[in-house]
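Just below sit the structures, each encoded as structure tokens.
Okay, so subunit A shows up in both of these, paired with subunit B first and subunit C after.
Presenting the complex of A and B:
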């Protein structure tokens, strides 16, 4: 203790810190995808949106010197990619899963192409709020350095939960997702609802990307996302299309991602590949435990192409 | 992009083959305009491995009469053969630098056999007598520079705990971890190096988590062996720890935290190769070297490096540069499981092929290879 080390306490602290640091992109992408899927469409392209968001946020922050403008630009980029997905999907007999995969490749490819000159420069980062002021232990203070985006994400989850249940917009999105006939009978355009839902989903995913490049790990490079967007899309299914469960699942994934490095740092070195794979093992295990051949997943919107 | 290249190549293949025959047959020793092709596995401005090679290529661009063509993000598959063919047939390249380890076997060997009059210089491969004579492999003993980084780290650290963010436990990485640790222990016998393997060459989130975990453990100087050290350097500096760089000079990213670093010196080696060819000398097919041969170098010391550390590091550098050289891995070496890995009395010099098979972590390293 005296030498500044906190021994085995590193592990729970790193998992807590990881849950805060690593979970934010998961949280934004999964909440965004939750809205899109509740309207009856899957957007697998959010991996591409995440990477495009990260790149445009970094670029705009670098050019204008304002990271918040970067966050906004990332959201707009995401919304445009969402509109593209929804636009293509509104054509007859287009498969949304296939379009999503195409847009995932398009988004990452475009981001790598446009982001080439951004690898070297250092852009201004988002500030952190120090929630660890009460502690004398530097490790605790470091773990509790929280970004506002994380707080917004945490607040957004219950708001969405409430909005889906009680607001007119929530009801419309759910109607489009459960029965497009019912929505049409009510005189609403299903395509328009889905367009808006996909754009909002893209907007949130883009903001998730800005967190990656502007806060943690905090710079733009091509390996930045390494599949987090896709993991977050899977996370929505795992969270049963429930925004509150999305929040818990994102926190669990963030914590699990910190587990591998933290265990190695306290000397648990055997099988680190297994610990590094912890988030994926967690997904598989829960998928297997909760799936059943006899019924569709509980909570799944009926119009979703994977459940129909 | 790929499609463009393929169709272009198909269109021009016939004509190009004819002109190639003439061009290669009458190839003068770097007269008029000579084209040199560089192939990178990743992005050439990654603050890491590829950027180091790109800096070497940039040094060649300054030499009059040389034209450099480059292609980035070429995977270690058939794709590299297509790129090589395109550079030869369309750009007229007569000297090629495929710079990634996995290009060598079978791709570079195959291409070298197909174009026997052109020269292929591959980074990192192990050229053997069976391979084509117009192919060669070069590499640097960067562990010498890591040893010096270790000395600076050992004398700068207050806690005596050093950290190493590593990608995979392969011989080249283990050799760097061990050299760094032995350097630190040569000036501070109690120093330890905690290593975290992230599992792959480019995992920014894992690298950032590893950096944070190490610092939480009391580590106050970090270094790494991953493709792009930028994530580790920036995150460590934000937490107030010191860093030693790798591949290239990262001091611009964290001027106050950057102590020194182990860098490739391709900008010295590549012009040397070109001069050798122009003078009609042959480049040895198996080319290796360290600080003395100017294949690797040490970053200039940062402001936080004490006079004592500078002196100790300069002394070690002088030993590497001396006529006798200096063996990092000396007899009586014990690994971190207590097993003797080099028997007392046998010194393993830099060129010893045994070192290229390293599979252990020396005493003082906290971590395991599996």
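Presenting the complex of A and C:
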């Protein structure tokens, strides 16, 4: 196999690279949403959080010169939006799905507003680790340029899985999600647990957004996220609220999302837009296959409004 | 803060400060439905004023230009009404399923599919009398959008797929289909920079209401809203839908065909949004391209919630929000605010309106004595 002429192998390689590269925002948003939903609340506003995170990370990285400060700022922004969601939802008779829709519009609008001056300048980006050094083939090297955030996300999934099962906080979150009465009987404030769970969820989603603007695609513009946030929320549902399944599902999604650009690079341009919609079609297809009108989903937190 | 007070007073409409407790007892509920959203709107305007103040703009100028741009002149009124037309229709896409307790937020997708279907119909029927083409466009738009949201309802009813998420996913899929067709099969070779379909032809455009620059789409919207109101509140079908929305088990026990209700309501909801797409093609754009994804579907969600899912209340709310988006241009030119400021304001309004849900039944002086 000669250098640079690997022909159709480009496609699976690019899909593999995409699975690693594109999956990171899906991974962070779905893990964050997993925490929030386990506490019995759904935050559909993570689409807005993702965009706000991307914008604030880019802005802070540009102003301070440190992309890692940008990542941190994105997390804080996300946590604040999460606090806003939880705060409004703690009012009586307020529907969490509707608040999520509102914050989706608000977050995107605010990010576009504040991010107007950021479209032109170039901010310092996050560094990548080269895992492809052993190979001579540029496509392999490109596919294996891995960002640290991806590794953090991959490590986070089993940690969360363990934390839900064994730690005090994990149990409290699950109790609030399964039966708010039980949590209250134990002397805990359900609203406070959900506030914290939503803030942590927002923090992670914000970091997912910082990946979009600081690594891949690696710039700030208004078309940066088109539904990755909402796809990740749907992904949590068919990952059955299991952080490990969230990891696998995110990888599958990253691969699906990379299909369009990969096919384009080998000259298949006809269905470009349709292939770009692959993650959404895949989400819908998996939801159709795995949902059932007869029973609630296994593993669903009992307090979750969306599955009741 | 005089102009702000004027804004809020306008939003609240006529407050009825009367001492007669019987009046409050009888109309307290109705007053609440005006007073609380009005107060939420006023609160959102104040917060937005503070927000622009942080960027060194005078909030009084903001309110003045918003009023000027939305309702200040006959020109701005026409602009407002033109924007209100699709908003009424896309709001129905959320408000009708809400009667059944479903939260559908995919009006944007139905709008795009409706626009594509209507354009296809017009291109197929080139050379026919304009009226025939226009009627075919309406039918195609309604059927295209209707089937799109009916799919959401069917997935919900037969597969248990959450309708909020599936309808939003379908927006992105609809946009992909539109881009695919517009850049491929349906592309007008002459459209170089902005891939578009061929024009439907000036003769087939639906034109303006005589004496104005407001297109006939506004009338479509008004008819649809009134029809939806009559359907929901004055027919057996609407009554059945509201029963099913209140308690799905009770509805099944009394033998209502819930599946049929869901599918029909979803078809009508999507049909309304599809009609909005047809209107945008036949009255504004003249062809289908990516310009159609202008966010009317998303603003429509806000309109529906602000109107508390009432089809008649949608009309004034759509005009109000049409006004806000119409004033965006003036805010950009006179105050140098980014075009996204309209989105920010819409987001703040949405948040306030939802938070104000907590107030119903809690305002002391409206409860009267019982």
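Here, the second predicted complex is superposed on the first by the 296 of 308 C-alpha atoms of A that agree within 3 Å, B and C clash if a C-alpha of one lies under 4 Å from a C-alpha of the other, contacts with A are read in each partner's own complex, and residues count from 1 in each chain.
Keep in mind that, in the parts below, a residue touches a chain if its C-beta (ideal position, glycine included) is under 8 Å from a C-beta of that chain, and two chains touch if they have at least 3 such contacts.
Just so it is clear, the structure is predicted and the values come from calculations on it, not from any experiment.
Novice: Scan A:94 for contacts with subunit B and subunit C and give back first, second, both or neither.
Specialist: Once the two structures are laid over each other on A, A:94 reaches subunit C alone.
Novice: Check whether A:136 is in contact with subunit B, with subunit C, with both or with neither, and answer first, second, both or neither.
Specialist: neither
Novice: With the two structures laid over each other on chain A, which partner does A:120 touch: subunit B (first), subunit C (second), both, or neither?
Specialist: first
Novice: Please indicate which partner A:13 is in contact with in the superposed arrangement: first for subunit B, second for subunit C, both, or neither.
Specialist: first
Novice: First (subunit B), second (subunit C), both or neither: which does A:234 touch?
Specialist: A:234: touches subunit C, not subunit B.
Novice: Identify the partner contact of A:291: answer first if only subunit B is touched, second if only subunit C is, both if each is, neither if none is.
Specialist: In the superposed model, A:291 contacts subunit C only, not subunit B.
Novice: Check subunit A for residues that touch subunit B in one structure and subunit C in the other, and list them.
Specialist: The overlap between the subunit B and subunit C interfaces on subunit A comprises residues 112, 116, 226, 270, 272-273, 276.
Novice: In their complex, what parts of subunit B are in touch with subunit A?
Specialist: 42-43, 45-47, 73, 159, 161, 194-199, 202-210, 212-218, 220, 227-228, 230-231, 234-235, 238-239, 253, 366-368, 370
Novice: In the complex, go through subunit C and note every residue touching subunit A.
Specialist: Result: residues 103, 105, 155, 157-162, 164-166, 168-173, 175-177, 179-180, 183-184, 298, 301-302, 305, 338, 340-348, 350-351, 353-355, 357-358, 360 of subunit C touch subunit A.
Novice: Note which residues of subunit A are touching subunit C in the complex, please.
Specialist: 44, 84, 88, 91-95, 97-99, 101-103, 105-110, 112-113, 116, 226-227, 230-231, 233-234, 237, 270-274, 276-277, 280-281, 283-284, 287-288, 291-294, 306-307
Novice: State the interface residues of subunit A toward subunit B in the complex, per the touch definition above.
Specialist: 3-6, 10, 13-14, 17-18, 21-22, 112, 116-117, 119-120, 122, 139, 142-143, 212, 216-219, 221-224, 226, 228, 257-258, 260-262, 264-267, 269-270, 272-273, 276
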